[in-house]
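In what follows, a structure is listed as structure tokens, so that the remarks can point back to it.
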Amino acid sequence: MRPSARQTDEMRAVSIEVGFTKHAEGSCLIKMGETHVLCTASLEARVPPFLKNSGLGWVTAEYGMLPRATHTRMRRESAAGKQSGRTQEIQRLIGRSLRAGVDRVALGERQITVDCDVIQADGGTRCAAITGGWIALRLAVNKLMKTGEVISDPLLDPVSAISCGIYAGQPVLDLDYPEDSEAGVDANFVMTGSGKLIEVQMSAEGSTFSREQMNALMDLAEKGSAELTAAQLAAVA
Amino acid sequence: MRPSARQTDEMRAVSIEVGFTKHAEGSCLIKMGETHVLCTASLEARVPPFLKNSGLGWVTAEYGMLPRATHTRMRRESAAGKQSGRTQEIQRLIGRSLRAGVDRVALGERQITVDCDVIQADGGTRCAAITGGWIALRLAVNKLMKTGEVISDPLLDPVSAISCGIYAGQPVLDLDYPEDSEAGVDANFVMTGSGKLIEVQMSAEGSTFSREQMNALMDLAEKGSAELTAAQLAAVA
Amino acid sequence: MRPSARQTDEMRAVSIEVGFTKHAEGSCLIKMGETHVLCTASLEARVPPFLKNSGLGWVTAEYGMLPRATHTRMRRESAAGKQSGRTQEIQRLIGRSLRAGVDRVALGERQITVDCDVIQADGGTRCAAITGGWIALRLAVNKLMKTGEVISDPLLDPVSAISCGIYAGQPVLDLDYPEDSEAGVDANFVMTGSGKLIEVQMSAEGSTFSREQMNALMDLAEKGSAELTAAQLAAVA
Amino acid sequence: MRPSARQTDEMRAVSIEVGFTKHAEGSCLIKMGETHVLCTASLEARVPPFLKNSGLGWVTAEYGMLPRATHTRMRRESAAGKQSGRTQEIQRLIGRSLRAGVDRVALGERQITVDCDVIQADGGTRCAAITGGWIALRLAVNKLMKTGEVISDPLLDPVSAISCGIYAGQPVLDLDYPEDSEAGVDANFVMTGSGKLIEVQMSAEGSTFSREQMNALMDLAEKGSAELTAAQLAAVA
Amino acid sequence: MRPSARQTDEMRAVSIEVGFTKHAEGSCLIKMGETHVLCTASLEARVPPFLKNSGLGWVTAEYGMLPRATHTRMRRESAAGKQSGRTQEIQRLIGRSLRAGVDRVALGERQITVDCDVIQADGGTRCAAITGGWIALRLAVNKLMKTGEVISDPLLDPVSAISCGIYAGQPVLDLDYPEDSEAGVDANFVMTGSGKLIEVQMSAEGSTFSREQMNALMDLAEKGSAELTAAQLAAVA
Amino acid sequence: MRPSARQTDEMRAVSIEVGFTKHAEGSCLIKMGETHVLCTASLEARVPPFLKNSGLGWVTAEYGMLPRATHTRMRRESAAGKQSGRTQEIQRLIGRSLRAGVDRVALGERQITVDCDVIQADGGTRCAAITGGWIALRLAVNKLMKTGEVISDPLLDPVSAISCGIYAGQPVLDLDYPEDSEAGVDANFVMTGSGKLIEVQMSAEGSTFSREQMNALMDLAEKGSAELTAAQLAAVA
């Protein structure tokens, strides 16, 4: 039934290449099928003004898409002179999601900026960005722990994200672009490795959904999240 | 337990003054307790380019906050030269939510822009904007039906929104600002008058939540949504 | 002769509701007929850099119009990415006018920002903004005097503004929109309660005017200004 | 009494060099003492959208200051990314003033853009811009009449502008920068060659003024305006 | 003598992976040592307005750098709201260079946009972008020729670019970042496969250079250009 | 053969009027035939952040064109809200060129900003800006040396720039606009008075050039540069 011939609860193949770029303190290229996102974590000395002398750390994220990551070329946001509402919404979500998994006292007064840049898009870029972003973050924090700058691990529980949706009337896991563009309901779940929820976003496109459908999507997300956690832990091992 | 001494499932007093401004085809001032939002619906001849000659209508929304709607004055977005990510995220949500309740074939090839401007903020402004925005939309569509420009009613099921959250460990309905700023989990539910879901957004702030808590919030939202629908129907009667 | 059937020297009904919003240190909703402007005064600790350590206070103003305050919807300035020349011109006038009535030594090194947002427009919004803005300022200063932060009253003489114009060949007081859009000459007078002049702006639209006409408009303005002063003093009593 | 030792009713030396640049249809460098403004008039085929097929012409103006026209260098507005409120206010005034002296039916459906760029500033730049701008406009219209594109002269009465002010308690004509920066009242009068008024702007800086002072300034302006008209007519003869 | 222990006339290892992304009509990841640039060519129906109905094609380029392509993170240009002068200068150079090698009549009235995004930077990014950009362009044109949309090959001579410089007093080929940041003279040569010059840019940094040095750099560039042409032809074979 | 009937190695008439504006520490109006550029040098106390407490000076440049400096009016960059890529490229070149001729230790920790504004354009504006900009810089530094703020002369060798090109198949010196718009190759040479090279930019427009042509242009540039140096030294004598 699915364009990709996957089972309704079957995720796309996940591949994670750590250290994809050399300057960043942590980096990976994450592939969820044909969706490819480069994630880098940059350690910065400064914290935002509201955290000066608080002893607390900060994790923030930025998101971008290369102009021809998509089927047809999109205008470059730097040339347009501003980030779209969609871009800002996504990078706020990534930052919030990653922060939920960070012990900011343990991190100490430093900032880590996670950049997620979509090299190739085929649906689910924000979820891939969160899942890969956590890996970049993990690698950067590992460096801080190795040098002794951070003693107690601030990342106790991995953070990953997965999309689900109602496609052709069926709840399915991990939408690709052909599904996403047709889905009546589109949902994103950000969860921790131990199964706790960080963020749930469910949105009907020109229709509505029932509480039963919401629960069916939640069930799928729990399955997907467990698989992503395993892939994350394998990648950073 | 709540700062306002409300019950955990008790909404703030709702008041809706229709026709608050005279130029708009539909308008109301909605008050959810101390949160006051002016909503106007403007009928416009043009539709976005991608709908030209499609026969389909469009509903879009914009959101703003007066600089001193808040406890301390915020910078005016027009002076800053751009809308914040938060503003864009909210107005995209309002537009998506209202469109979900519109039969765009019945509306015909015309656009209605719903402006939601926060006069005074005390938490839950996006929910008040959706609830009041639907009323402005309803009034504008009534005019179109009265003149015969629209024959079949494109608004079959009212749309409203309500926030819930985990405050002091308890699921509570309709957060005000003192609760919102302390809540560990913040959720917004957009629903129709007949109880269907349009959008669910649940977000942990520096923590996580369980599936049981998610269900408890959903229960509260169903109660609140029913009350809002009643208030909407009374206002436009 | 006038569309509203008013006498040539007759002002529209003035109504002033103080305390219209709760967060601002001073606020009012002023109505000049169908022109409704919300004015708030916000006390801020910082002064502009050029006044640091001068002991002098500062009063500044910002002006905005809700998108559907007008007959047809106007583009939101925050979405356009900048304030129009008209907006900047008006807010510079409001700030200059209010400052002219302030003893900045008595105010002390603090800033008060007066926001004037047009809820509904029917001509004369800049004048209503100045007249209402002074009330918001007065209320905010009252708070400072009550707490003893300011000892000597920095607002000795009320400031108000009124428009006049040549409509259908006749000098008339307080133009509404139908008159304003047809007037050959448009004038704004900012005056103090004791009858002194702060600002005079007279502008011919596609025509010219004589010194005699200038004097006739000045006579009307003196009458209108006295009535506005009375309304201001009643409102803040 | 004046820093320049001029009489209270004595204007600075006026010098006008026509044809200062070769590409513009009309141009001049106008000097009011040490204030030097380059004015060019550019004939353009397009009119603004609201005039399409109206048969009416349009005259508009833009104003700029070279970064080191002033005592200390000012930031270049193109580098700042926007025109200041002051710049916009001035260019709106120039455009409105010049249009008041144009028969737009006689001009026909074409646009003339008058650019006024301050090469060196010593007070009164907006007045010099209007006076010089009219000359550039006159020269451009002369070309149109020579080629027969325009038959009936659309410029029947010259337009010029002069500043006055209360300096050291005395009404004085044509403020230079040392006076302008100290003046308690600053006024600009735009008039036609036949003595009619187009625009009057009087503004108190941190003080007020009386109706008698207003009349004294008006008297000075009438004298100055007559002298400027004579200089304009001599320049374009 | 060189930090990389290369000979003065030795280029870094070149690696070219064609088809790196799937949506673009042509794409490659080009590596010049540790400098990695992703180049995509996008075929677009529209041409710029000045070419409408001319029968001529257009090739244009855009350039960007991922925020953490560099040693320390740089601000994202889309967040800054504009492209830096450096970015604009580089993308103008890339476009001009590629166009010099295109027969725009043979291409026909269509536009190809070449996007060059630096994934990892170690000096010479603009040269790598031109060299890789030509490959992406070649691949996209191949598609047009395969479908018969283009008959006569518009790309007759490959275009590549190489940097040279005076490092530690010696002319050297293909500067990497440690050399580039210390070089007294920095030069970029854009050449065709047949050895003709398209663009020469030589720039002294806080010093000067002689005509003899200019010639020595030109000799090195001819050697490097020949090697790049061979790599290009191998990649697209 | 040349539109101006000049010899292939004949420069346009050069005229330099020093002290063209009175506020700048150094200024001149330079005319290269019909290309007229006003150059001012402004002494500023602040240096860029990266030079704080370094003891080193800084010279930077900005470039602009009045809207009607050109055959047809161009949009004002301040109104467009940004400087074009061309403008930024040119002002970066001017700054780099002038800095190459400055001993920044001798200048001491101060900044000089050179503004080059094109009053009338007829080709070669960037070269005229560099040549005239050096004169403004020289005059400003003279003031610093007169007051003893600078002891050792930081400007040991004049800097000038000249364009050359291949016009109608012939190498020619100092292109004017009719030549520039037709030239197959366009080159700019920045040189010192003693004949050393600072910057070479050669660019083919839709064609290519040979190393022999490059050398022929270099020969012409050496002749032109010597003449410009003589004119500079005469002007500042």
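Just so it is clear, A, B, C, D, E and F label the chains in written order, and each chain counts residues from 1 on its own.
The criterion applied here is as follows: a contact is a pair of C-beta atoms (placed from the backbone, for glycine too) under 8 Å apart; a residue touches a chain by one contact, two chains touch by 3 or more.
Predicted model, so just to flag it, every value in this text is computed and none were measured.
Any chain bridging chain A and chain B, meaning touching each of them, is missing here; the list is empty.
Two copies of one chain, chain D and chain F, form a contact in which over half of the residue numbers belong to both partners. Chain copies chain B and chain C are related through a rotation whose angle, from the C-alpha fit, is 180° to the nearest 5. Our note on geometry: chain B versus chain E, Cα centroid distance of 51 Å, whole angstroms. Distance between chain C and chain D, defined via averaged C-alpha coordinates, is recorded as 28 Å.
Centres computed as Cα averages put chain A at a distance of 59 Å from chain D.
Counting partners per residue, chain C has 81-83 as the residues that reach two or more other chains. Ring order, beginning with chain C and continuing to chain D: C, D, F, E, A, B. Across the complex, chain A meets chain E through its residues 21-24, 27, 34, 36, 38, 40, 42, 44, 62, 64, 66-73, 76-83, 87, 113, 115, 117, 119-121. Within the complex formed with chain D, the residues of chain C that make contact are 82-83, 85-86, 88-89, 91-92, 96, 99-100, 104, 192, 196-211, 214, 218.
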